[in-house]
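Supplied in structure tokens, the structure appears directly below.
Chains: A, B, C and D, in written order; residue numbering restarts at 1 for each.
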Amino acid sequence: MKKLINEVDDVVKEALEGMAAAHPDLIRVEYDPAMVVRADAPVQGKVGIVSGGGSGHEPMHGGFVGMGMLDAACPGEVFTSPTPDQMEAATKAVDGGAGVLHIVKNYTGDVLNFEMAADLAQEGGTEVQAVVIDDDVAVQDSLYTAGRRGVGTTVLAEKICGAAAEDGRSLQEVADLCRKVNANGRSMGMALTSCTVPAAGQPTFELGDDEMEIGIGIHGEPGRERKPAASSAEVVEMMATPIVEDLPFSSGDNVLAFVNGMGGTPLIELYVVYNDLVKLLEGRGVTVSRNLIGPYITSLEMQGCSITLLKLDDELTRLWDAPVNTPGLRWGV
Amino acid sequence: MKKLINEVDDVVKEALEGMAAAHPDLIRVEYDPAMVVRADAPVQGKVGIVSGGGSGHEPMHGGFVGMGMLDAACPGEVFTSPTPDQMEAATKAVDGGAGVLHIVKNYTGDVLNFEMAADLAQEGGTEVQAVVIDDDVAVQDSLYTAGRRGVGTTVLAEKICGAAAEDGRSLQEVADLCRKVNANGRSMGMALTSCTVPAAGQPTFELGDDEMEIGIGIHGEPGRERKPAASSAEVVEMMATPIVEDLPFSSGDNVLAFVNGMGGTPLIELYVVYNDLVKLLEGRGVTVSRNLIGPYITSLEMQGCSITLLKLDDELTRLWDAPVNTPGLRWGV
Amino acid sequence: MAGGGEVVTLQAVLAWIDGFAATVAENKDYLTKLDSAIGDADHGINMNRGMRAALERLEASPPDDIGAALKTVGMAMVSKVGGASGPLYGTFFLQLAGPLAGKESVTLEEWAGGIRAAVSGVMARGKAELGDKTMIDALVPAVEALEGAVTEGASIGDGLTRAADAAAQGMEATTPLVARKGRASYLGERSAGHQDPGATSSHLLMRTAADTLAQSGQD
Amino acid sequence: MAGGGEVVTLQAVLAWIDGFAATVAENKDYLTKLDSAIGDADHGINMNRGMRAALERLEASPPDDIGAALKTVGMAMVSKVGGASGPLYGTFFLQLAGPLAGKESVTLEEWAGGIRAAVSGVMARGKAELGDKTMIDALVPAVEALEGAVTEGASIGDGLTRAADAAAQGMEATTPLVARKGRASYLGERSAGHQDPGATSSHLLMRTAADTLAQSGQD
């Protein structure tokens, strides 16, 4: 394992220290329990938005803390959900009197820990609502299983709900909006290489020189299928088709297309993928009216990408365009 | 070789098509000859700024075209400088009557091609000045050699000169400013892995599981030295010390610290590196008052990073903070 | 009655906790390797982080009774582990602590009641059922075996060994299953053919109980 | 006088260009491999792209004289190659074209004069000198050998073969050198022990000349 780190056990802490040193105007970082909090939190009268999850997905979530997006993020160990005490402390820290929304990716660990935290925070007098994001069409959904994973739509939900909270919407309204984003967003991911969890020291899985994994999550889990490596156009076809058919996205729809890099894939490739995606969607009569291209929800140094489509209406478009000022996403200010 | 591409010969063109599809509000792309031009070019009365170089360094340069930065970028084949006809056409396209600055990275190919282009453009009646960026302290400088490479400082020069051009400065003033940035910027890079040029299909060099290259450029060239892989703190020490001693950066100096990812290294590692860099600089009495952290001048999917320090004064700080609106860098608007 | 008067002491419970921490440390890489096949390669790391924190806290403020000891372990798991196993093992120890609060020794029957509460707590929290390919597949057979042993009046050593053996069987039985809960469920059919990491750590927990708790005192 | 009346024809020059394009295509990977040791792994790709473009353009508008043919090649190199070799080989062909403009056949002496102009152009553009570990190390010995052959009144075939042999020696002599120009210079001492890719392609250019241009006509 070769990584630009020091002690394996210090990666998360030192990356947080680096963030704190880099962005004191936007965020403040606390270490015990660990959280990244908006510099001016709590914002009085505004709904607070808290997310969190394992580390290794940077810039998500800590890089999305700031005006117009998250009020706090709770970083866990690499690929391990954070703990209830972190989430409870973050919830308290951002409670400006209008309640706090938890945006939770649908992984057993994240869900259970956020549930415990919401109980604790509510006992402490903070109104909490939780919305679980489960947008990954690679996972067959069923009442009897853990359901679909939360992936790329999370980034979009954090941005859009952050804008709505800035607008002064109530907790119920922001939570409903988050459910709307989740209901209209679908994703799928793929990997050309595995990644190496620092504490494990070995790649999580091995892929041959001519193989890829389709339907991966964001924790180095193997995907649903191993296939021969294929061209960008073929990969886009394999991922976008189930996405489009799942919602379904139909002719005439406006979408936000999010082509996400898994951490080790450079921008030049993501633009090639985006180009193929736009062609595919045009062929189906779907208009891409907004886009996001880059490594925003990563799996350490994994090579690969994911595609997220979010069906837009005027409300979502306006909230997407609203100003945001975080280390990872910034516009309008 | 596994990459998210289609035909090897189409990578550059398709990535440009992806960029064009993604950012029609900011840029327009032409293909014969290939260039990325600011959507509203030429801006009348403003000095035009043109850069360019081989592809494979995304977002540089095409991703830096837009308000407050470049007016045009000329993408060459992967790692191969573009050709004079591209540069001449770009120069003409952005000539708003106040002359055009060429920002050229010091590589024989870039310098020779830009020289030929400047001759052609000047024959065509456009006033051109060229500034060559040569900030890489890994290369021993000498009158008898090709000199130092142009690396990370290029990004900073493009941003700062772009702001000055928006302010209405003259060609001579913007060129002098560019020289000032180059004179005050120093960089060094390292690699944990090689990268694979699509057309070559093989990694440019092989590195053992416990080796790294120190003093690399941005074209997959091997560095000056192969060393045992080391911790982030050690790597920072090896790179920052020659940088600091070269200018030199002294106690009391204010700097912009730019920790750049080479394309395959995720943000979590770059923050660890930044954290070590800030500690080292604090120990020398150097204050980091601005920073940039992320993959901005890359070598395809190479894992590794580079460090650039730019000594700041009030003028440079103000120009750095000025609004910029490009696909790759955006703030203040 | 066989094992009559035999009790599980605070000292034995502490030996169990110590022993489990040591077993987890020894099996850290193994558990992580199991998790890398169908999960995210951290189960050993998670459990080890939690048990190390538990030992530190127990050393910092030694507990006066069994319930307090188990509550400390539960809180350490909840606040130091994260992931799925943090709240689930945390719940296990916290629910086990509940009925044993204030006690310095307990009978096998009381112990079995605690374990039943613990397993029910884990099921309530995680909503997994037998056959979902989770730690439940080791824990449910274990608690049933333990309750059977109590009914038959078995000794502590015998009861705990039967529980551990049942856990082992349950753990092994996870291998062919297609996961329906936890991360492994995302793999669909590909999750079959691998032993569940959480069931494996739960078996270690039960096996360590058999090895440590039987070194108990008399009332 | 030996070779008296012998000339290099337009047809022969086109055969040279064809032959060089074919040789570059054959040696594309080899040149790229040399460039990956001390450069950026693209020299073969660059040269091949340029020569393919040159052939296309020559086919699209067949030239009427030697100067026009060489100018087309030069412009193709300049506008299709990029990198260091684009302007340098472009300059080579454009400068060679200059003195041969309008001619359908030239003597070896005229040819040597063109090559001298070409090499001087490359040196003026790239500012490299003999021993800097660049294409200059193959080109300068070649032009000197060619001029020597002219002075001695050698035949075209003999003159061009001597030039190619000198280029080969120059190319081989780059191996131990530490580069002072081009990308390889960034490597410092590590550039020693590798043959320069540009000197290698320049040798191929000279060798192809010996193989093709001698199939010439009589005045």
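Basically, a residue touches a chain if its C-beta (ideal position, glycine included) is under 8 Å from a C-beta of that chain, and two chains touch if they have at least 3 such contacts.
Since we're looking at a predicted model, the values are computed, not measured.
The chains that touch both chain B and chain D are none; no such chain exists. Separation of chain C from chain D in touch steps, taking the shortest path, is 3. Across the assembly, the mean Cα position most removed from that of chain D is the one of C.
Inter-chain spacing, taken between the CA centroids of chain A and chain D, is 56 Å. Once the centre of each chain is set as its mean CA position, chain A and chain C turn out to be 33 Å apart.
Per-chain Cα centroids separate chain A from chain B by 29 Å. Among the residues of chain A, none is found touching two or more other chains.
If the chains shown are joined wherever they touch, the resulting network is a simple chain of contacts running from one end to the other without closing. Under the touch rule stated earlier, the contacting chain pairs are A-B, A-C, B-D. Residues of chain C that touch chain A in their complex: 32, 36, 39-42, 45-46, 49, 78-88, 125-126, 180-183, 185-188, 190. Residues of chain A that touch chain B in their complex: 2-6, 11-12, 14-19, 21-22, 55-56, 58-59, 63, 192-193, 209-210, 212, 229, 231-233, 235, 263-276, 278, 288, 291, 293, 295, 298, 300-301, 303-305, 330-333. Interface of chain B with chain D (complex): residues 33, 54, 76-85, 107-109, 112-113, 115-116, 136, 138-140, 142, 144-146, 149, 197, 199-200, 202, 204-205, 217, 219-222, 224-225.
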